[in-house]
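Next, two complexes with subunit A in common: one pairs it with subunit B, the other with subunit C.
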Partner chain A sequence: MLDVSRVQKELAECNKDKAISGVSINLHRGDDLSHLEGTISGPVGTPYEGGTFRIDVRLPSGYPFEPPKMQFVTKVWHPNISSQNGAICLDILKDQWSPALTLKTALLSLQALLSAPEPDDPQDAVVAQQYLRNHPTFVATAQYWTEAFAKRTSVGIEEKVQKLVEMGFPEALVKSTLDSVNGDENMALEKLCSS
Partner chain B sequence: MATVPKSVRKQAEVLRKAGNAAFKKERFGAAIDAYTEAIVLCPDVSVYWTNRALCRMKRNDWTGVEEDCTRALELDSSSVKAHYMLGRALLMKQDTVRGIKELEKALDLGRGADPSGYMIDEIWPVLADAKYKEWEELSDRRAWKLQCLKELCNEALIEHDFLETSRNLDESGNAAARDCLSEQLELLGRVFSKAAEADKPTEIPDYLCCKITLDIFRDPVITPSGVTYERAVILEHLRKVGNFDPLTREPLERHQLAPNLAIKQAVQAFLSEHGWAYKTN
Partner chain C sequence: MDDDYYYSQSSNDEDAGDDDDDDGYDDLFDDPPCDEDSSTNSFEYTVITEKSLLTMQMEDLQKIIEFLSLSESSARILLIHNRWDVTRILELFDRKGKEQLFLEAGLVLDDNNNNNNNNDSSFSALSQITCNVCFDDFSKDEFSIMSCGHYYCNNCWTEHFIVKINNGASRRISCITPKCNAICDEAIVRKLVAKKCPDVVCRFDRFLLESYVEDNNKVKWCPSTPHCGNAICVEDDHPCCEVECSCGLLFCFNCLSEAHSPCSCKMWELWSQKCKDESENINWIMVNTKPCPKCRKNVVKNGGCNHVRCICGQCFCWLCGNATGVGHTYDTIDGHSCGRYDDDKIKHIERAKRDLYRYTHYHNRYESHAKSLKEEINLYETIEELINDSKSEDTHFKSFRWALDGLNQLKRARGVLSYSYPFAFYMFGRELFIDDMRPEESLMKKNLFEDQQQQLECQVENLSMHLGKTFHLLSDKELSETSQHVTNLSSIVNRLCKEMYKCIENDLLLPFRKNHSIAPYMSNALRKKR
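Up next is the complex of A and B:
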């Protein structure tokens, strides 16, 4: 059984100092405590600076005796994160998990991973090769991806919502659709028209 | 007690086992019958009484629970189950003070029990809930009394000042008296808010909370690394995750765990001052 009381405490605790820590965690939707969404801000002085990265967090019923399942929702160019599906290679999310760790410490570890990639233990071989052999290109690509996928300013999203609402789609639906395609206006429109 | 022949004792044990089997199938009526027969044969065995009490609890027969547990405790005053169920029965009939006492006794006796009979996780929520309600009531009353007293003191000060200034015709003296009054009123306000502090819910200090449950300790145990955990969850960790200290990752075996009596006492002291900390989700 999922330790509900602990998860609730973790949520409150993590969000208390999110402005300082740069990580936050919220319910994905509704009141399902086993499906959460975390965000981490890209560390300063890295190609991820300025970006906000969304992480899909699923808690197995054995949590906190089993690690949380985490995956990047926001596309990111990093040796230890799959550029295809956001899968993460990080020991504490696997065999090095300990129940004394929390969602907050796990997210902080992901933030640290963005600062210090470990190309010798890669998740994405292509990115890792580039990181090792052609570092300037790696930095440029990572920066470009951050720019393209992790910088959704709230102003931008509001404009997109307004535009689609003006086309005659209901606002709630527009928001959830935009959310599901990571803020891509064209993909959202396609989805809205086909639904 | 020696008057009960061995063969009868054996027969009573058979009945107890039959009762246990019926209980597992949730056939509580049949279980009660079996335990009752066992009690008739051997009324001096505490477990027969507690087993029947458990069936009666399942059927919401709280008077029966109280009777059975009282008898069980006469035979074995250290029965955790009997104290626990008696506590619940007493709470049911609004006898909060005695109910809490029984539950506290159960908690105290139940710490460190072997995993098969470990009941702390069952006892704690019931006790915490009762204590929290008790605190709510008492703190309301305390707050009300303080508020009344504060108002009276305020009025008295103002009245005193009024009498002083009306006797005093010197204007500069009056200004000084007014300064004095506002200072006194402010000080009084501070004294009263200080007095109300213990009843104001804030946060439980981290050192009184387990790093795994993130909740206040009930049965704290310390590892050789010096880290304290809630007994039930560190055992679960050792069973499910591995033989290491979750925080330091040093090797850890269950026999190395020792009760942390100092933290247990610190928790008790904190809870007796800050009843709001009993709040459960």
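Up next is the complex of A and C:
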């Protein structure tokens, strides 16, 4: 059984100082406490600076005695994060998890991972190779991905909603569809038309 | 203690009968009277049954408890971390000191208790405490404090323990606090978990018990299926040895597959995979039957010597498949010799075909001996009957003990012979050592080896022939002669086995010892257990 009271306390605690910590956590949808969404801001002085990264958080029923499952929703170019599906390679999300850690500490660890990649223990071999062998290209690619994926969703989302609503789709559906395709206007349109 | 088998196996042991099994067989299974040199290594091992597992474990625990004056729980933590190696713990204690030894194992030193007491006092000063896991407040008697000084509420500890136990991590449940490596006291685990899930405590206890096998370099489960519940404990870290479980299974302690000496584990792995791949479907026929050289019918050998007669009347040699005349003895066929593998003869055959032919050559001989062995094992029943019927006042040859000794020797030698073929297949083939030996060197060594192999083969067949006689049809004189033959041949066969092993160990495998160590030859036949 999920420890509901702990999760609620965690949410309140984490969002208290989100402006300082740069991490926040919210319910994904509705009042399901086992499915959350975290955000972390890209650390200053890294190719991820200025981006806001969304992380899908699922809590197993054994939480906090079992680790939360976390995955990047925002595409990110990083040796320890899959460029395909956002899977994360981080020890505290696996065997090094401790019940005394919290969602906030886990998100802060992810933030730390963004500023200090560990290419020797990679999740994405292609990115790790590039990081080690052609660092300037790595930095450029990571910056480009941050620009393209981690900033777009926050900027101009209203305009996109507006545009699609004008095409005749209901606003609620437009929002959820845009959400599911990570803010990609064309993909959202495709999805809306096919549904 | 019927459960506690103890085997002592060495080439020069007078009698290995410190077996507590009181079924009267002990005397029957004495070592054959032979052995002048003791060049082969000796080793000892113990069969651990479900019942003796606890006893064995307690012995080691007791040593540590006494030496370091620790609790059972702490001693177990130390032993599990050091893979149940008491000697190693004592050595580390001398070299690194108590502090380092304990720290690495996740044990908290007694001296640290002072610090804990500080914690403790701050802990006991509070009346309401917030648990750092569930964030709820409780009075302090609902908290447990671990030896490392960290405390959480009992509910959270319990939940933590249950998750760890269910994940199979019973043997090293660490403290909740991140980066704290201290291992939780098993008494606290038991006490808390028992309140919520008694069945999980059972599992916890079983995991701890089985740690003696799972986390121990000297102990391995018997690989029998269905599992007999036993484990084998060897005395020293042997690179390679063969052991026999009390369930009757004889296996290689190193790779856990069937005993395969003189093949190395690597060779055996390759060989059994190859046999599996090649013997499927059509290949089965190819390796298990021989076409008659005249009528081409596939013939299966159902016993007897290697001179086979097809139903069409044609005689042929089972080993090479070539037609022969009728005249033969048990070990030779008139005007025929084929045991050597002749490379020149097939140089014109393309490589793939040659490889298959080569494999078939070795496989046939390996299989033939394995099959003969199976047939010969049936002789145990007959001979045991004869022994049981014999009276104590009977003369030596009528007691039939010689027959049993001979059969034990035959069984051992037949096994050696059978596995010597896959050994030769890889020793002189292109798979493993092609870059390590020049072709001339390899050929020379092959000749040397095959010469010994053939001598052994010849004497083994002779011994088999004598033991296969229908004893009750023989006159006293014939029986007496047979008993002498068997005794002589046994010691010859034993000597030839030893020589072959000497050749393998010293002349052939010496440079490759690291990756290809083999179980030494045990001259006393492995005892047959019921």
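What we mean here is this: the second predicted complex is superposed on the first by the 192 of 195 C-alpha atoms of A that agree within 3 Å, B and C clash if a C-alpha of one lies under 4 Å from a C-alpha of the other, contacts with A are read in each partner's own complex, and residues count from 1 in each chain.
Basically, contacts are C-beta pairs under 8 Å (C-beta built on N, C-alpha and C of every residue); 3 or more make two chains touch, one makes a residue touch a chain.
Given the structure is predicted, the values throughout are model-derived calculations rather than measurements.
Student: Evaluate whether subunit B and subunit C can sit on subunit A together after superposition, giving fit or clash.
Tutor: These partners clash in the superposed model.
Student: Where does A:Val4 make contact in the superposed view: on subunit B (first), on subunit C (second), on both, or on neither?
Tutor: A:Val4 contacts subunit B only, not subunit C.
Student: Tell me which partner A:Ala100 touches in the superposition: subunit B (first), subunit C (second), both or neither.
Tutor: both
Student: Classify the contacts of A:Pro64 with the two partner chains as first (subunit B alone), second (subunit C alone), both, or neither.
Tutor: The answer is both, since A:Pro64 touches subunit B and subunit C.
Student: After superposing on chain A, check 8-16, 26-34, 170-178 or 314-322 and name the one in subunit C that bumps into subunit B.
Tutor: For subunit C, the clashing option is 170-178.
Student: Which residues would you name on subunit A as touching subunit B in one complex and subunit C in the other?
Tutor: 3, 5-6, 9-10, 62, 64-66, 98-100.
Student: Give every residue of subunit A touching subunit B within the complex, in rising order.
Tutor: So the residues of subunit A touching subunit B come out as 3-6, 8-10, 13, 62, 64-66, 97-100, 102.
Student: Would you mind writing out the residues of subunit B in touch with subunit A in their complex?
Tutor: Touch residues, subunit B against subunit A: 211-215, 233, 236-237, 240-241, 244, 246-247, 249, 280-281.
Student: What residues on subunit A touch subunit C, complex-wise?
Tutor: Interface residues on the subunit A side: 3, 5-6, 9-10, 62, 64-66, 92, 96, 98-101.
Student: Within their complex, state which residues of subunit C touch subunit A.
Tutor: Residues 132-136, 152, 156, 159-160, 162-163, 176-178 of subunit C touch subunit A in their complex.
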